[in-house]
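Some structures to go through are shown next.
Both complexes shown next keep subunit A, but they swap its partner, so subunit B is in the first and subunit C is in the second.
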Partner chain A sequence: MIVAEQKPLDEISRMIASYERVLILGCGTCMTVCDAGGEREVSFLHNALRVAQSKIGNGIHIFWEYTLKRQCDPEFLELIVERVAEVDAVLSLGCGIGVQAVAERFPELPSLPGVNTSFMGMTRETGVWDERCAACGDCRLEDTAGICPITRCIKGILNGPCAGTKNGKCEANKDMDCAWLLVYERLEKLAQLERMRRYYPPRNFRTIPRPRRIISKTSVDPGEEYG
Partner chain B sequence: MANSLFEEKLYSNEFLVTTEIGPPKGADISEMVHHIDLLKDKVDAINITDHQSSVMRFPSLGGCLLVKEHGGEPILQMTCRDRNRLALQADLLLAYSRGIVNVLCLTGDSVDAGDHDEAKPVFDLDSVQLLKMIRIMESGTDIAGKELKGAPNFCTGASVHPEADFIEPQLIKFEKKVSAGAQFFQTQGIFDLGSLRRFMQYASQFNVKILAGIIVLASARMARYMNDNVPGIIVAQAIIDELASAGKGKGLQKGIEVAARLIRTIKEENLCHGVHVMAVGNEGIVPDILEAAELVGVPS
Partner chain C sequence: MDSLLTDIRQNYPANRTQRFLADHSLVPTCQTACPLHMEIREYVDLVAQGKIVESLQVIRSGNPFPSICAYVCTHPCEDACRRDQVDKPVAIRALKRFALEFGGDRLIQAEAETSHIEKVAIVGSGPAGLACAYYLRKFGYPVTIFEAHSELGGMLRVGIPQYRLPREVIDTEVQRLTRMGVEIRTNTPVVSLDLLFDIGYKAIFITIGAHQSLRMRIDGEESPGVIDGATFLREINLGLRPSPGERCAVIGGGNVAFDAARTALRLGAREVRILYRRSRVEMPAGPEEVEQALEEGVEIVFLVAPIKIKREKGRLSVTCIRMELGDPDAGGRCQPVPIEGSEFNEEFDTLITAIGQAPQTPGGFGVRLGRGSTIQVEPGTLATNRPGVFAGGDAVTGPATVVEALAAGRLAASRIDDYLQHRYPLVVKETRESLTGDLLPETVEMVRRIGRVEPPILASEERSKDFEPVELVYDWETATNEARRCLRCGTGAEILSQDRCATCLTCLRICPYHVPYLDAGSTVQIPIDQCQACGTCVAECPAKVIVLRKPHDRRRVTEELEHILKTAAGSKLKPLIVGFCCQYGLFGTGTLASLWRGARAGVWIVPVLCVATVEAEHLLRALEIGAEGVFVAGCGDGCARENTASWIRQRVEKVRKILVQIGLQPERLQTFVSGTLSEDPAQGMDNFIEQVGGLYLASVMMQEVKS
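Moving on, here comes the complex of A and B:
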């Protein structure tokens, strides 16, 4: 899933300052799971903005709140067409994709980001999420025992650990495991160390010409032209 | 035919001595030039570091040109931290065209360690891929397969960490560097000769030259600091205790003694093919260390 963090309240206050009627729009999928922009966070933020506004007295806003099942899906955005017609801006608590989906669907309206989208990851324990995938477009987890060095090694190197690892940790962060030691240990358990002995050539960054598009092989209509 | 004086010596069975100079942070090169003049005839080659510890400085290539101009033998340290494959190849062509042919291929420290921690880390290649890239360029094409007008020729080195606390994956990487074409290795700091002996028992099966890295410590505090903060480094407790036993203001003297003793033992016991002395900011004391190690007169 996508993991994000809500922006600080004063940054959000500054962002909405010039808009009177604001729709705070949550997302019921990833942003709900990572506690950054689900129904609960929308309601907390709504209250916090109201309190902040009464304290500072800068600009009088009218807020609405709504949480869609997913913001990244045009189908769901149709549900807010009427509400959007009455506002001056949408404060999206969706990830960066949600913010842009709103901007594309409602071209006449400012779409403001309420969260900083951080990474693709998984829940480690309640309230803790770890990055796991860099979406590099060229998955090589088969050769690295299911542990991604592109994401989990800060240098994203392919041919084994650098010399900076100490106590099993990464040179850049003493709290972070060295990805390459994890790969080594797991390959050893799987009796696949020969995969680490192989030479891996430089990555092909053409697998990530941004922005990317994937067209389903089963879909008949590929949609509009790319670009 | 050897590409450089250093390469010639590499295969001469002489005990090799290299050292390194960290370029200045700024455009004033007078101190670096002074160190080059001081060291160039006392060692077989001088490495110029490449934004060591990710601290922005005068470039390695610029320092190597100065070594060359002053009649010394440079080793170009090249990390993959700041340049993508185009820039690395271009710098290699420039280096070769100006007679700089010894290259130490490193992945490079993470940018988090340095003074520009918001910079974009590049790492388009890693050390093994950089070594391979050099071999490809020598064969006459760039790594996209396009023909080069004039192929370069280098003497390539790499680093290895015999004292890593988790040695097996480091040895796998070492072998990959050997296969990728590394001719010599300058090791990370050696503080415990036991680990060097063990490493050499293993490494001697490969046809590469190993220069043991000797870091000159100026105090017990510096040693502890390095243990806590410098990637990979593990200063043995015995050495920390020895440094701590030195009187006030005598730390550096003790550090020189320790370094000289390590070098002497390595040479006497023929543990490896040479040493690489890293004085980390104290380049001026390298001649004293060599003298204390009874290596003066090298090179012959």
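Moving on, here comes the complex of A and C:
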């Protein structure tokens, strides 16, 4: 899941300052789960902006709110075409993808980001999320006992642990577990310690051509069909 | 100001709005168990909120004679109460009595207009007859009640002793019926139904009760000094004062036996002994009645039955035999078996038999009789074999309870209405589902234990002297606290539409009762039979898809805030302070209840089901509509739920952070949780109001300076 956090209110206020009619657009998938831009957060932000307006009186806006199931699919965006026709800007509480999808679908309209998209992660407990994947496109979790050194080691080293590990913690952050120690302990449990002995050559990050595209449908040559 | 009023929210599809407005609560077990299907959960909840008059309205709408039920109902609702699985059932009957006494039931007038010409005769004026008359009058029929005795009430009058049901209560209800225009003919035994048809009645309801005591069929039963329970009670209740002598025996274990025993005690018997042929477990009398009788000094001897009575020298020599319990019969009760050679003799002055009663239907009625000389009827329509003749109450069921008779009377009234209007019987179907199932042990463990408080009763030495009512009524505080014990079964949270649920599992993680679960299809389910309706998940759900099942609970806060906006926010005399307070406890009915609805200038209270249901948006909305300060006040240790305050503290903190960003002082938002307050809550509130007043003044001055 993509994890994000809502931007501070004053940043959002500055962003929308020049637009009178603003649609606050929530996203019903990842942003809902990570408490950044679901229906509740949309409504909360809406209320907060209205309080700012009525108490401090800076700027007169008219807000609408709507939460789509997902902003990253163009079909969902069709649902708000009529609404968007009446507004001066869309404040998207979707992740960075959502903001861009809105911008792409409605080219004539400013699409403003309401959240800071942070990472891909998992839930630790209610209201706490941890980063787990860097989307490097070359997964080696098989060799590292299901623990990703790219995201969980602060240095992202592929052959650890480094000399900076002390009492199982990282030298960069005393509260953070050393990812490579975790890898070692888990490999020991799995009786696969020999994987530690292997040497992983340095990754060539230049091989990732951005932006990436994945095509899962298979192209079929129409001429090859059997009658 | 205009922009404040238009609070445009998400535009939902029409079907969602409809679902949002509908009542999705389930019928609780107490309501299902009640023969009258009274809305018990609703009126108990209103008592808990201290809304006694509203509570009385709900009670009156479901029961023609609630004052009678408040004294003598056998409360099947309490037997079905799910609170019993936690500690003890809610004292529903006593709460009804409280609502009637404190809500001013005596002042309520019933009215009816005649809109039909078909006259209906009601034979017998017991609870079934009175209820039937009440409803037929409401439907607009001219009704006549024929009563053989000199006063109305049937068993209520001649069977139930005064110390359990004061006669003023029956008199008040009868007067109400008279005012509604019911014609009453006392001292008029009906012997023939043909005559009634001849003089113009179009339909007849027979409710003659079961006044004929069953006989023991033993030697000497006819001796002077032996009397049956029904006759004994009837004589006393119609004003006679028979003397039971010094030593008195009562045969039987039902309510009549206990009524007779306690009455004999009040008439001056020094020693009253109940002889029952089975053991305590099988005894059909209500447990309170047994308890009170024992306190008053009635002695109960189990597993004993009389076999012979002989009158000698003005006293009765009763030969008894001891019993042992044999195999259970078809009804599940163990059959008593006499023990050979265990006979013994006892001397008594009086012997009262109370082993059961049966109806005595005059042959002239021409209705078909069934088992135990009860009148045979069609169960759904109460129609007898004669057209236009209906029957109900004890005459049909054999001796039963007041509330069952009232239900029969109500059913008869609507069926007689159908009959007279030549309608196919209309069956009103309950559209809501009934709640079934027990609480899971995990849920029970998390529900806070609060002991049941019984209403006060007269001291046993006081009450055995005369016929004053034994049970007293709750005081205000005890009643509201007792009513708060209700678990509000069937009103809990639901996921309004699964397709909007993001399956984030927040509800599952935060539920204090561990109720929501993930089913095999990866869908979150909130089982309604376990949900305790605290509303924590409703306020936390990031998709805002969880709602409470009762529409009133859902819309309450928004509506109250709109109300404040329209009435209070316009006045600028005092800074407006909005408080979200638990509708129960300290702020609902306790010492701070005086703050209710602007009673104190500037302070407006929004009552909430539980502070855990107050959403962060609500706090902001209150500020937006013009509040200078907002507080949330919960009950802390006095709360019926565990640890709800921590959730509202988190939300308050979240809003405070936003306030700082907006440029407002975070002190404008306060949480009060009683029990954790070191000072008097009223004092804490005063300080807060003063502080907000200061902030308001400062902000006004800043505005002046700016301009």
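In this section, the second predicted complex is superposed on the first by the 214 of 227 C-alpha atoms of A that agree within 3 Å, B and C clash if a C-alpha of one lies under 4 Å from a C-alpha of the other, contacts with A are read in each partner's own complex, and residues count from 1 in each chain.
Note that in this section contacts are C-beta pairs under 8 Å (C-beta built on N, C-alpha and C of every residue); 3 or more make two chains touch, one makes a residue touch a chain.
Predicted, not measured: the structure shown is a model, and the values here were computed from it.
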Clash or fit: subunit B and subunit C on subunit A?
-> fit
Thinking of the overlay built on chain A, is A:Trp129 touched by subunit B (first), by subunit C (second), by both, or by neither?
-> neither
Answer with first, second, both or neither: which of subunit B and subunit C does A:Tyr19 touch in the superposed model?
-> neither
Name the contact category of A:Phe76: first (subunit B only), second (subunit C only), both, or neither.
-> neither
Reported in degrees to the nearest 10, the CA-centre angle with subunit A in the middle and subunit B, subunit C at the ends is 130
Of the two partner chains, subunit B (first) and subunit C (second), which one does A:Pro161 touch, if any: first, second, both, or neither?
-> first
How far apart, in Å, are the nearest Cα atoms of subunit B and subunit C after the overlay?
-> 25
Subunit B partner, complex, touching residues on subunit A are 154-168, 170-173, 180-181, 184, 193, 196-197, 199-203, 205
Tell me, which parts of subunit B touch subunit A in their complex?
-> 85, 107-110, 112-113, 121, 123-129, 132-133, 143, 159-161, 164-166, 168-170, 172-173, 175-176, 179-180, 188, 231-234
Note: in the complex, subunit C contacts subunit A through residues 3-4, 8-11, 499-500, 502-506, 509-510, 541-545, 615-617, 620-621, 623-624, 626, 658-659, 661-664
Footprint of subunit C on subunit A - complex, ascending = 8-10, 28-29, 32-33, 35, 38-44, 47-48, 50-52, 54-56, 60, 62-67, 69, 123, 125-126
